[in-house]
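Going in written order, the chains are labelled A, B, C, D, E, F, G and H, and every chain counts its residues from 1.
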Amino acid sequence: MAKGTVKFNIEMCKGCELCIEACPQESLALSPKLNKQGYHYAVLVKDNCTGCVNCALVCPDAVITVYREKKKAKVPVATITNVKEDITVTVA
Amino acid sequence: MSEIRLMKGNEALAEAAIRAGCQAYFGYPITPQSEILEYLADQGRKRGMIVLQAESEVASINMVYGAAGAGARVMTSSSSPGISLMQEGLSYIACAELPCLVVNVNRGGPGLGTIQPSQGDYFQATKGGGHGDYRLIVLAPASVQEMADFVFDAFDLADRYRNPVMILADGALGQMMEKVEFRDYDPKEHIPPKPWATTGKTKDRERNILTSLHIQPEKMEQINLHLQEKYRRITEQEVRYEVVETDDAEFVIVAYGLVARIAHRAVEIAREQGIRAGLLRPQTLYPFPYQKVRELAERVHGILTVEMNSGQMVEDVRLGVEGRCPVEFYGRMGGIIPSPEEIVKALEKLVGKDVRQAVEA
Amino acid sequence: MTHELLIAGFGGQGVLSMGMVLGYAAMIEKKEISWMPSYGPEMRGGTANCIVIVSDKRISSPIITTFDTVIALNQPSLDKFESRVKPGGLLMYDSTNIITPPTRTDLEIVPIPASEEASNMKNMKIMNMIVLGAFLERREIVKIESVVEALKKVLPERYHHLLPLNEQALRRGQELVAMHV
Amino acid sequence: MATEILEQQMSEINLDGMECVYAKPDTLTDMRLHYCPGCGHGVVHRVLMEVIQELGIQEQTIGVAPVGCSVFAYHYMNIDMQEAAHGRASAVATGIKRILPDKYVFSYQGDGDLAAIGTAETIHTVNRGENILIVFINNAIYGMTGGQMAPTTLLGMETTTTPGGRSVEIAGFPMKITDLVATLPGAYYVSRNSVHTPNAVRYLKKAITKAFQYQKLKKGTCFIEVVSNCPSGWKMTPVEANKWIEEHMFPVYPIGELKVPKDK
Amino acid sequence: MSEIRLMKGNEALAEAAIRAGCQAYFGYPITPQSEILEYLADQGRKRGMIVLQAESEVASINMVYGAAGAGARVMTSSSSPGISLMQEGLSYIACAELPCLVVNVNRGGPGLGTIQPSQGDYFQATKGGGHGDYRLIVLAPASVQEMADFVFDAFDLADRYRNPVMILADGALGQMMEKVEFRDYDPKEHIPPKPWATTGKTKDRERNILTSLHIQPEKMEQINLHLQEKYRRITEQEVRYEVVETDDAEFVIVAYGLVARIAHRAVEIAREQGIRAGLLRPQTLYPFPYQKVRELAERVHGILTVEMNSGQMVEDVRLGVEGRCPVEFYGRMGGIIPSPEEIVKALEKLVGKDVRQAVEA
Amino acid sequence: MATEILEQQMSEINLDGMECVYAKPDTLTDMRLHYCPGCGHGVVHRVLMEVIQELGIQEQTIGVAPVGCSVFAYHYMNIDMQEAAHGRASAVATGIKRILPDKYVFSYQGDGDLAAIGTAETIHTVNRGENILIVFINNAIYGMTGGQMAPTTLLGMETTTTPGGRSVEIAGFPMKITDLVATLPGAYYVSRNSVHTPNAVRYLKKAITKAFQYQKLKKGTCFIEVVSNCPSGWKMTPVEANKWIEEHMFPVYPIGELKVPKDK
Amino acid sequence: MAKGTVKFNIEMCKGCELCIEACPQESLALSPKLNKQGYHYAVLVKDNCTGCVNCALVCPDAVITVYREKKKAKVPVATITNVKEDITVTVA
Amino acid sequence: MTHELLIAGFGGQGVLSMGMVLGYAAMIEKKEISWMPSYGPEMRGGTANCIVIVSDKRISSPIITTFDTVIALNQPSLDKFESRVKPGGLLMYDSTNIITPPTRTDLEIVPIPASEEASNMKNMKIMNMIVLGAFLERREIVKIESVVEALKKVLPERYHHLLPLNEQALRRGQELVAMHV
């Protein structure tokens, strides 16, 4: 399991919880605190983040930056190049 | 059973339409008047009205054409950009002489502009934004109460003259809540028979044809002369306005709709300051009260027209005044509502000018 | 007497209905009233506000730029409208939701822990009634009784069992300000 | 010469023992049609009126005329009619039908009217499943305005706005709007017909008859395309034009029923 | 290389557009102006112009919006009903300040009306048939020669003021053939750089945004004030008109377009009959020559306005006159062109009135 | 409590030996989006801008914003943009593309904009095969105006104009305009995607990337529908809304590619 | 072969020749004469008309009335009832 | 000198081009000229007409209702326009196509067997030139030479081999009227 972490631009966060839902590691939660916009913002609450980028992908407000332990050269997950040609979308 | 209710202007207008026996509404959502469609989609349908959300304003106005032609009391509503899309249809309806109600809850233009209140569509409403020589009867409410009252009047006028009628309001009148009381009104007593409607050609009559096409110029001129004659009757019989403290007035403000309420307050302030001010509020923008303006121009020292636009109705005021007294204009645009204080300032400028003239003389 | 009031907060906080109830109450007292909501895409952000004018004279414009009272239920609203209170006017806000308090010194400033109180009372929905009660304690432009009667009108039948709770909330609001002197 | 003589006979032609097997329907007025010689509009007008006469629904039928050469349809069809703005006939028909749900309502539209400026109204009227009949005359050209390209104009076809022939790069593809319409759930019966031969006319009449019978059921929109001609716009004799229909129009707009009621 | 040619007004206008460096035309056929599209589809394409037959006038005007926004010199054309459908788009274009040419070959309305010549769209063209406070610069040609000339001027004005320009002609001007000579014109010398155009955000500049939406009233009012300031400049600098025998005139006819030619003949006849008549022909309908009208009103005994409508420009004439002298109107509608003799009769009536007044005095 | 502490760490979080694997693209401005919490518009905006950044075509791309909640798209997309009248984005895009044939042009439109008032422009733009990308956000409702029925609103779905749910009798059927578009010869690539899960976002990005690459070929229109949400209009939390998409939207608007280039 | 005949309302005729083309018996022709509209109008030039109604069906101007020898009751050919349900259009 | 002429007939008869050629000829002679075609759906019927005004003064309206000359090439045109000729004016018509002749007695009426003549000359297309020649014989508002020169302008290059034939037709037309006295 790769080790990773995420950074939140908390003032941009609207507390929609989509990242929390998307995180397979259940590493995220809303802070009891409010940002200036008056939203409870998302934060990392466990240290088991793998840097899978799922949270960043579903975030509507581009709040999240994702980091991961350097490995042998690897392209950012977020680019399409690692999606195999033949995969068809499975709804699940 | 007329209890007083607190309602949004848009809702009051919609409720009035139901009570006026409006059989069908065709429209497309647009701020700040979507509540009309929404209220009718709920209350209207429950009470037997046909309420169809069309694919566009172009479709809406042409559905109105068809339904009105089929003999029904019908309406549509929109706001500025949507009304622009209806111009071709309105020209057709006016020429085919189909009675209907079109509501424009005016927002700030041009273009997509802003959704805040405006009076920028005065020219479009009164001079005919569509092609050719036609006129809409245009009513300008100034309160939620009138948003309701004018609906009954509008439908009756439409049927009386077989002419489209427009209620020209603004975003604030549509969105604000005020007290409103609905008049007792029995549609059966008001809706006339419509022998011209296309309801199926029975043996006892020739077929009915509703068209605006008359390829022979001679015929088309006849149609136009007939319309002009009708408009003459309308200007003779249907002019409506309200005057406030004009009897002893030296300076008169002309304003309609929401602005007239603010101007009213300005008149009060002005009088406190010793300016003998008065107010003329046209309730019909077409026909416009030229006669009343002329009469006032004969005796006052100056007229100030206030509008939420760059100066549109002021042209009609000038046409009524014809140089008899100075005419000034004060306006705000883009959805900004002038304050009573601003209006008083504008009035003071006019008064000042007048004084200077006096001195010069 | 004319009172010009602005109520602002998140859409979900019952800002608009709070103004509406006040309006009905004023109507019951045969006063002139106008209620003007904010509308349009600025609401996308989730904030809403309404202007309520209560008077015994005819009301000219429903849209005005400065107010006798501003009630702010979230931070953005406070930030946006603090400057719009007339000097000497009343600025009331929900101290639970709002971290950075107002800075003006020429106002009567009344923080209320409304949300906290509402959760104590186990129903966030009545937060707006707590605030209304508090406001009327400071500016009695209508009687609490009228508000209670207004609630009967505004609330659909099926919610009438909540009337007592709402009345409690109004009273609680009054107490909160009464304490806070 | 021969014709001379026969024409004499015509006048005092003897009809003893003869019965009339075809005559112009009374639902068609006696007014001379303004269409060019050989124009298909006349045939479709006549067939429509024959059906209305035979079904005995003249008193219950309201028609909507388009803007196009058939703008004057109301001169010839002896029923109540409304003349709609260009492209809006189906919206107008919707307005009528919603007010008079038990009457028969049809719109009659050309390809410019229905498939260009009226595209949105056409698609949404059918998608709403308005219980009306839409008669669509596809002559692949704008006749009324003097032979400009229509959405249905064939590739390579010369018109006044496609000198040298319609090209995909500039003007895109011939629009098969009837195929689009047939895919809409609101469409109940969709058929493509023609009037270039006696049999074609028989089938058209059959289709129109069905359509009016279906309208009673209130199960959705009936849509009938008639692949027709425009001798003037095509710059052909009527006989050439009807041949051209078979050779060039049918390959792109094949005749037949595109959608028939499942529930029968 | 300017040889004289015999051309239809529509063709001359189209040919001029090509010579003026118009890069793209988007339009939809309608009588009596389809020759513009047809001529360009042939000649224009051959000479490198993008010519697209759109699915409707609504699409046309919005394609013009996009192309003009991309920095091109573009145009569309239509006739009355089609122009009505463009009103929303025109309002957007005016607010986004996109330079373009819109041609209206006016036919008789309202509704489908007739395809014969008319001037029934004067209000729509000059007061803004669309919503909100905006103005088109409106040029009114009176001959095939001007159908060509005004195209060059229109494009230059559009670019100079970043404003849509309309050429308002009529069916007869579009269909008739007359001599025409094309001016020498090199687009390169006339088309200014357009740094505001959306051609792709290069590193050296901020992104370009073309919009008419300004949700904040304060901002929207700024936009409106900016537009009004521009319109003020236009009214100061771009008024154009032609006068005929007005120096010693006691009675002046005001007419534009084709009607002005007929009025010109009427003036000749009238003078033969001893009436000191003159003619004022506005070439720009917006901006309107109020100043010139005022000046004439100061010294003449009466003004007769002649139009092919029910009386539209006459309102602008009255706004210029402001009661300084009597103003009469004579008009024909539905596609009928008045004859010189009719106009002279109308003039005699005006003169008669004047005499009577003299007597009464 | 736990979060407290971790938030402390956040600030002085240690990134030694870490590489950034995901960051907001520069083609997206730093302006706060005005959309409601959880609205899909934000995701699609971001993905569009990621693709433009990765393809390095920021300087060659012109976008067209619609009238709808995404009317302000030009605040967030750091490229040249035009704001079109309601429903006319594809016509505006056509105007731009015809003038700048070698630039990349896309329109971004909601379901009211594209499938109601803009139906004619949509159909004809694709039928002409304009070489542009049309991004179609289907959230089955009119968000901007406060939650009225859209052509794509599902049957039985509550909106402010369909109290009690959309019924066929009054409002017809949900409009599957993407299916219509896919049948047009001018359409080169047509795909239906979504953004409700991380994988869905990956596939959308892939589709958009293809679309821009195809645009170079000048072989026709690329059309991508994004089945999205409207938490405010649907009166759900964002998380509920995205679940609702799978359960209710997908059965009517199934995900996948509807048309792929034959010639590859 | 049934015996029939046709009557032309010659003033309505525009000489489009579609009836002539449609007549299987080649019984029709255009008259060398012009009608008031200035069109050469169609006429019956042979006496072999079978009353098949083809000419009347294709006539765009409703010029033609068709007669046929009385037989056992028969419905007018022009009504659809004599078109069999299953026939599909054959282009020929 | 101003001459106001209307030419009417079937679309196919070259009515419009006849007027156009006349116009070009007048232009060559430095005269003022306006040519106005009928347009719109009345053409559906197949009839067309154009008004040609030739003058040495500025021309005001291209559309007028009475004419110095009317040339009618088919029956409907004659029926429609006979009444529009000014008293003493010229009414010329194709006697091959027109069965019922004009009835007015206050006109100069000139029938020409133009179609017959054209078929004799084996080319219906030149019928209009025969008529034009005939007309100019009676009203020499332009010289035949100018017309011949005009034809060069109007006819596309590829038809220039037809110029002699057209000139013949013009001359033939002149002869026809000359004979008919």
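Definition applied: contacts are C-beta pairs under 8 Å (C-beta built on N, C-alpha and C of every residue); 3 or more make two chains touch, one makes a residue touch a chain.
Computed from a prediction, not measured in an experiment: that's the story for all the values here.
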Contacts common to subunit F and subunit G (chain labels): D
Hopping along touching chains only, can you work out the least number of steps from subunit E to subunit G? 2
For subunit E versus subunit H, what separation do you get between their C-alpha means, in angstrom? 35
Distance from the mean Cα position of subunit B to that of subunit A, given in whole angstrom: 55
Find the geometric centre of each of subunit B and subunit D from their Cα atoms only, then give the gap between the two centres in Å, rounded to an integer. 41
Would you give the residues of subunit H that are in contact with at least 2 other chains, written as numbers and ranges? 40-42, 45-46
Shared-contact residues (touching 2 or more other chains) in subunit F: 35-37, 71-72, 83, 85, 116-117, 119-120, 124, 144, 151, 171
Which positions in subunit G are in touch with at least two other chains? 14, 37
Complex contacts: residues of subunit A adjacent to subunit F: 4-5, 7-8, 11-12, 14-18, 21-22, 29, 31-33, 37, 39, 43-47, 51-54, 56-62, 64-70, 74, 76-80, 83, 87-91
Quick check on the complex: what are the subunit H residues that touch subunit E? 20, 23-24, 27, 32-37, 39-41, 58-65
Give every residue of subunit F touching subunit D within the complex, in rising order. 116-120, 123-124, 127-129, 151, 168, 171-173, 175, 179-180, 183-186
Which positions of subunit E touch subunit D when the two form their complex? 28-31, 34, 37-38, 41-42, 45, 51-53, 55-57, 81, 112
Where on subunit B does subunit C make contact in their complex? 4, 6, 31-32, 115-117, 171-172, 175-179, 258, 261-262, 264-265, 337, 339-340
